[in-house]
Amino acid sequence: MTGIVVQHIDRAAPEAIDGLGLCGVATVHEAQGRTGLLASGIRPIYPGARIAGSAVTISAPPGDNWMVHVAIEQLKEGDILVVAPTSPCEDGYFGDLLATSARARGCRGLIINAGIRDVRDLTDMRFPTWSKVVYAQGTIKASLGSVNVSVTCAGAVIDAGDVIVADDDGVCVVRRADAENVLKAAQAREAKEADKRARLAAGELGLDMYKMREKLAEMGLKYV
Amino acid sequence: MTGIVVQHIDRAAPEAIDGLGLCGVATVHEAQGRTGLLASGIRPIYPGARIAGSAVTISAPPGDNWMVHVAIEQLKEGDILVVAPTSPCEDGYFGDLLATSARARGCRGLIINAGIRDVRDLTDMRFPTWSKVVYAQGTIKASLGSVNVSVTCAGAVIDAGDVIVADDDGVCVVRRADAENVLKAAQAREAKEADKRARLAAGELGLDMYKMREKLAEMGLKYV
Amino acid sequence: MTGIVVQHIDRAAPEAIDGLGLCGVATVHEAQGRTGLLASGIRPIYPGARIAGSAVTISAPPGDNWMVHVAIEQLKEGDILVVAPTSPCEDGYFGDLLATSARARGCRGLIINAGIRDVRDLTDMRFPTWSKVVYAQGTIKASLGSVNVSVTCAGAVIDAGDVIVADDDGVCVVRRADAENVLKAAQAREAKEADKRARLAAGELGLDMYKMREKLAEMGLKYV
Amino acid sequence: MTGIVVQHIDRAAPEAIDGLGLCGVATVHEAQGRTGLLASGIRPIYPGARIAGSAVTISAPPGDNWMVHVAIEQLKEGDILVVAPTSPCEDGYFGDLLATSARARGCRGLIINAGIRDVRDLTDMRFPTWSKVVYAQGTIKASLGSVNVSVTCAGAVIDAGDVIVADDDGVCVVRRADAENVLKAAQAREAKEADKRARLAAGELGLDMYKMREKLAEMGLKYV
Amino acid sequence: MTGIVVQHIDRAAPEAIDGLGLCGVATVHEAQGRTGLLASGIRPIYPGARIAGSAVTISAPPGDNWMVHVAIEQLKEGDILVVAPTSPCEDGYFGDLLATSARARGCRGLIINAGIRDVRDLTDMRFPTWSKVVYAQGTIKASLGSVNVSVTCAGAVIDAGDVIVADDDGVCVVRRADAENVLKAAQAREAKEADKRARLAAGELGLDMYKMREKLAEMGLKYV
Amino acid sequence: MTGIVVQHIDRAAPEAIDGLGLCGVATVHEAQGRTGLLASGIRPIYPGARIAGSAVTISAPPGDNWMVHVAIEQLKEGDILVVAPTSPCEDGYFGDLLATSARARGCRGLIINAGIRDVRDLTDMRFPTWSKVVYAQGTIKASLGSVNVSVTCAGAVIDAGDVIVADDDGVCVVRRADAENVLKAAQAREAKEADKRARLAAGELGLDMYKMREKLAEMGLKYV
């Protein structure tokens, strides 16, 4: 089942994707019932990047980045590359040449459960990148993998065309079919947060705002 | 012994606390006989933060941040929240709403042996935060913990009212009763360091300044 | 075999060293056949540092930084300190006083498979430092180690006088005797990369530029 | 989407399940194209256990084992419990009482990406168990999760009714619908291995048996 | 505050200590309100060991086992050595000679948040040992630590004379003053477990035995 | 520099090799000045194995075990395979077929800084194996590495023909040229240990036997 490139994938509506990007990872993750987070080890290479886009997925052998080249041809404007090695690997699959090529095809960023290199160039280019590690170790081009198949990346299942949301808090995936509903829930959540933030900033306690005192007392909390 | 909120705690003198903050973690740790450091995995979310304050401690169940709300009511100007889960946990216990609330109560920062989220907002607010990990995973509010009890946080024992010193080098706790003595020792240490720094900058060797040559020779060091 | 200080070491030609520094870790590592990288856990304490220099090596007991003082006397303009503990250790062997002293002797930076402290001062001084961890825990001065012997540091063998190249991608060692050849290979590689980068930026695909399509088809890659 | 118990699940044919168990993890994993392995951190609590069965899956909150009780009611003869916490957790979800209960319902074993406890009792009972860690830390019963939904467990996607194969090499999942085909491929593989083993034991080299010499020479391998 | 040997320590009643040992770690930990566990990384070197005894504590410098010799003189029949390095260390502090010496003084075992060596001899002697790692790396005898002071060992606070309970599930500490009460609670817990085990073995469900169905329904659990 | 097979290597005298094996890792490591240990993460797959032999080294690409086949042809009676991947890898490079083949060529065991599989078969065969992890993930045969070149394996430099000593304490390498001297030092050490063990077993204290009391007092140790 390796050695397959799916050329046509469906993507979510651009407005839904961009809306999710504005909400950010923590809000989106809450809005879809606390699901879809990648493991905490996947971190941005520089602070402040915040993207959303459609996943072009890559299942790659350890230490072999050949399929990244194959995947770049499949990119459309607004896509995000998602690289999942088939066994744990730290090698640097991706550097400034691949970023240059991906960006030329409209790519918004990279999520990889492995290493990247040329991190200074990627930062200077402001190419948004979330990886497990920075490591200069090179990769080879000897074995096939697949592009746009379902992958498990850092503990999350990602299908091609799913919406990836990534920021300083990490990375979250939203199922393509759920994008619009999750966006609505996320925006509703955000609207409420602004009011809460103002009240908390004014000194109101969460204990009062969320009416927690009675339940805490009932459960036996004792003030001494 | 869970489900307790200690409402009155003693704190060290404000001048001692602020003095310790000026000395910084490495110096304070040395000054009190190389004790009190939290494990190296507790890192600041942005560079440059440097705080000292009185610990308001939270013993929390894994994945449950209810007690943080309870603790915020106990904060006084100059306090620092210290969160110790009762088993290892990466969940994001704390984000921008809680930081807003804590700051409104005079809180100077957060030390947590678990995850935080909304890291961009916390950074933009300049809310000093030291955590084990950044992770958007949400927490629940279902179980009791305790506030202002003695906790073990990242390997260090912290009692409510102890002085927390935190900077880019990590986090150190000073026993409340020791604060003034440790401050004196730390300041004495700092005074000596300025002189040493000047001599070293001028090219004098530590080997000579600390008179190490004789002892090294005696132990058998051979120059070849 | 402990307790030895080698006072005379050979160094590579300054032009070769500086040329390697300009090429950077990823390129140098590729140019010498993908060898010489230190483990990915050795990270810079601030972004943007980029150095090359001759290794002055230190084999140190765990938690004992006495030999760093001994090594500083052996430094010459353009050298880099390389500290390898004899068993895994996180202690802070090195801080701002030692950096001041090392810099006064011409030292370009520090590579250490252990901890450092005073990270804010080291950053403010712009003293280039790559370490395993930041940790304020102090060290003692009680046992001998050796200076300028062959060490294994984070998985790489380093002899005194070897060329260290370090940047945001990590740390790479080049054998002293290979420095000029590796430099040539690295420069040749860089020359080619500029052309490739321009073509990729213009939208040409790696699949075409590297003529990969035929080989992929032959190996059975299927487009569906 | 939490708080759901799927009561009816389809299972693979018992002969296919048992056949896969006889083949073992390494062979089954190869036979289905090197997919389906759980991460290497999931280890058996005692050597020699070897099971196969149908997955009854549990998505559980961190530190909360309530859903294990719910899942046990859903067990049928020959099933295996699969527990996936929704965030990383080491707590001991499972001990000898739950094992007694699960066994009474026909359960063949447990796979858990978290902790277990009472490891001596589980071993004495010979209750086959693969876990991330052994840890006595207790769990609570406060929050809902789900039973027999699709989970990601230690990096592998597992649907209820999928076939779990587990032995000293770790754990592998086979899609329910693929069970019979994978079994055939695994048995074919095993048949070939017996012959190979005999030839290798007799001193024949893999280089000759697999006819590798020509390809190695062509790729440039040099004997010196 | 280093360099102190406390010669007189109070111990719990022998019957309480032995009773706690019979209950085991998981039960004792539950019986005292889920407190006192050491981190999960502290594991027995062979299966089946099960001990309880009074802690003789050692605060030791990294890589220096001098204080173990000092502590052995302080051992009384029924004691357990507890070694806590002052910074993370893997070195092998303890081997068969020290075990021979400790056993001759009545020592029941060793708990160490560092490494041990001669693991085969320790196993053959059946000297119960729980450590972070097995590592042959030797230690020195150059610096002072302290004996029978309060230590933090693998996340747990341990005072000299506290009761240590250790088995295949890990290690738990019981405050000396609490030993008898915790024993009663643990025995009560055990008595109940026997009855539960019998009912579960007979096929009764935890859902019914613990009367969970109503609460689950109320919280919204849905069977589909 | 990849793609090389060194066919002739020098080996130490068989009596020296076997003598070192009898001394064991901890003693040998001490006898050669506390050098040569591999990292603590390299563990035996079953307890009780104890071997010594000459290293046949393999530098292998991540996830590619082709060179193991090449190396097996180079084995002579009494050799030990040493596999060092060029970047961190967990894949299962070695299983029962390779063990069968290696044993047929006189191989005494395997040391690998990566994964192995078929662990039950390897255990049943009593094929001594030390690895980083057990993991069924398969490897490919696509890229060249080298055989009998100098490698760094788990932090230790190993040249072909060096003596490997491995037991339950881990793995240690002795330089070929040093084998006889190290053996003498190790045997001298062992002779002394028997006497010490007897005296310690009789209750004599290390404090007295090693005459430590005076030095401890001089350094300021206080008994209170």
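Going in written order, the chains are labelled A, B, C, D, E and F, and every chain counts its residues from 1.
Please note the rule applied: contacts are C-beta pairs under 8 Å (C-beta built on N, C-alpha and C of every residue); 3 or more make two chains touch, one makes a residue touch a chain.
These figures come from a predicted structure and were not determined experimentally.
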Exercise for the section: Enumerate, in label order, the chains that touch chain B and chain D alike. Expected result: A, E
Fill in the blank from the handout: Rounded to the nearest 5 degrees, the rotation mapping the CA atoms of chain C onto those of chain E is 180
Practice task
Tell me whether chain A and chain C, two copies of the same sequence, contact each other through the same residue numbers or different ones, using over half shared as the line for same.
Solution key: different
Fill in the blank from the handout: Check: interface with higher C-beta contact count, C-F vs B-C, is B-C
Practice task
Could you please state the distance in Å, as a whole number, between where the Cα atoms of chain A are centred and where those of chain E are centred?
Solution key: 42
Completion exercise
chain D and chain E have mean C-alpha positions lying a whole-number Å distance apart equal to 31
Handout entry: Distance from the mean Cα position of chain D to that of chain A, given in whole angstrom
Key = 28
Handout entry: Multi-partner residues of chain E (each touching 2 or more other chains)
Key = 34, 37, 40, 86-88, 90, 135, 137
Exercise for the section: Answer with line, ring, star, complete or other to describe the graph linking chains that touch. Expected result: other
Practice task
Mind listing each pair of touching chains for me?
Solution key: A-B, A-C, A-D, A-F, B-C, B-D, B-E, C-E, C-F, D-E, D-F, E-F
Handout entry: Residues on chain F engaged by chain C in the complex (per definition of touch)
Key = 1-2, 33-35, 39-40, 86, 88, 150, 152, 155-157
Problem - Residues on chain F engaged by chain E in the complex (per definition of touch) - result: 24-26, 29-30, 34, 37, 40, 43, 47-48, 50, 167-170, 172, 193, 196-197, 200-207, 210, 212, 216, 219-224
Exercise for the section: Show which residues of chain E lie in contact with chain F when the two form their complex. Expected result: 3-7, 46, 66, 69-70, 72-73, 90, 92, 95-98, 100-101, 103-105, 115, 117-120, 123, 133-138, 141, 144
Handout entry: Interfacial residue positions of chain E with respect to chain C in the complex
Key = 61-64, 86-91, 135, 137, 140, 142-143
